[in-house]
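Shared chain: subunit A. Partners: subunit B in the first complex, subunit C in the second.
Our next item is the complex of A and B:
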């Protein structure tokens, strides 16, 4: 799966915000912000990645149980799907 | 990484301050986009309600009209969302609907102009009818404090006040 085209990350203060670049009308009330691990997942996903690859990456970067990392990734992917910004390969 | 961080690898922008968000809004307006965001602050009551009203803006063209709502950066580099009450060439006289003081700004400092606003799922266009209502409110400006207190007491709950 992969992040669709037309989204960029912008750093504002300590947060990273996902901004849709191709939409003519942007609603800032529904916009997505990412923290450090969210940004990591996003950057990996923008090149395309499987869930197993994301899990491996999170486990490498953070001291986290596999089960917890797995559920976080699923939560994250669900959120991206809800915003229609993920395309399943 | 703490477990708190882990479980918030995504979140909505609500925690973001408008101060950090507005430069982003400005950039999108300059790129020709139409942007919608939540209004903060009480200076535009009774038309716009803090944390309740969503306003939709575009980059200003040359056709700014009297009683338009505009976003601009003032001399203190603060972003302000107020109303044009007079246009004199390239100078604008600006006032918040709930305020008594005015500001004089250059036409060029306007970043965005409102197209519409939505409060409690009611969408209203900035059209001649809105400008007429704003004109009427402007005529009653000397009784503003009393009227605002009455409005707040009567309808405040509806707008989270």
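Our next item is the complex of A and C:
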């Protein structure tokens, strides 16, 4: 899966946000705010990644149990799906 | 009606048809200036779509873009064109053609579409249209911002009733901008349901995002929450370069201007609470 075209990641006032542009801005009239792991997941998903690859990446970066990392990924993906931001890679 | 107006730092030559909405709102902005932006409205018996390839469609609108001109076409359920907006890519020249078939809503549609196009002009001149009721008091501006029906005008009304020096800058869509790194607000002729607007430009004392509540409370916001509230209430561009400009301005505003969530009642107590907080340092 992959982030759809038209979303930009920016750092503003020490916060990481995602802003929709062009056609994406017509369908999603808001912003996403990301924490550190959310930013990592977003950057990886921008290039396309499977859930297994995301899990492996989080486990590499953080001292976290597999179950907890999996749950974080699911929550994050649910958030993106709710805004129709993901597409098949 | 054709005249020149100074709105924020845009010198606009506007030619409009109906006075229903404009008469009570646009006169304060009239000024003998050399225009740098042009907008013209006309009523047409028949409107024809451009013949170029479609660039994009969304909802009932179709966008056509060429190198020199862009077009927005809106159609009704029978696929008849109800309005055709032509504009240069930099929004310096805008022509709005309305179908006579719109009928009695023509004055309202004219008012809304001229506003929509002005806000696009504004954002390209580093002025951010902001959904807020802005008032002036002691030569500074207080901005009440929130989604519709939350009570922006009610709070502004309370200030005007209590303090004779209070003037409305704009009751719905002022523009905010930085001038020498100081946030300013300007009125615009587009003020929503009420004609309460003035050609005033004032430095901003504070921004209050409103939430209705049984008790009054000023709550500090994290930068994350400030950004979320701003994005809910600004007219935002779709182009990446313009978004970056807006973000640069927001970053400075967040750093320099007091911004709070004001959970408030819709009565006199709300005014008293806020007045004491802003001018006597209570509750903060």
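What we mean here is this: the second predicted complex is superposed on the first by the 80 of 89 C-alpha atoms of A that agree within 3 Å, B and C clash if a C-alpha of one lies under 4 Å from a C-alpha of the other, contacts with A are read in each partner's own complex, and residues count from 1 in each chain.
One rule holds for everything that comes next: a contact is a pair of C-beta atoms (placed from the backbone, for glycine too) under 8 Å apart; a residue touches a chain by one contact, two chains touch by 3 or more.
The structure displayed is predicted, hence computed values, not measured ones.
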Original post:
Should A:86 be classified as contacting the first partner (subunit B), the second (subunit C), both, or neither?
Top reply: neither
Original post:
If you stack the two complexes on chain A, which partner ends up touching A:1: first (subunit B), second (subunit C), both, or neither?
Top reply: neither
**OP:** Would you check which partner chain A:62 touches, where first means subunit B only, second means subunit C only, and both and neither mean what they say?
**Re:** first
Subject >> Touched partner set for A:28, first subunit B, second subunit C, both or neither >> reply: first
Original post:
So, does A:15 touch the first partner subunit B, the second partner subunit C, both, or neither?
Top reply: both
Subject >> Partner with the higher number of touched subunit A residues, subunit C or subunit B >> reply: B
Subject >> Which superposed partner A:76 touches (first subunit B, second subunit C, both, neither) >> reply: first
Original post:
Taking the two structures together, which residues of subunit A meet both subunit B and subunit C?
Top reply: 10, 12-13, 15, 17, 19, 23, 25-26, 30-31, 33
Subject >> Of all residues in subunit A, those that touch subunit C in their complex >> reply: 8, 10, 12-15, 17, 19, 21-23, 25-26, 30-31, 33
Subject >> subunit A-facing residues of subunit B, complex >> reply: 1, 3, 5-13, 15-17, 20-21, 23-25, 28, 33-38, 54, 56
Original post:
Which residues of subunit A touch subunit B in their complex?
Top reply: 10, 12-13, 15, 17, 19, 23-38, 41, 62-64, 68-69, 72, 75-76, 79-80
Original post:
Hey, which residues of subunit C end up touching subunit A in the complex?
Top reply: 56, 58, 223-224, 226-228, 231-232, 236, 238-240, 243-244, 247, 250-251, 254-255
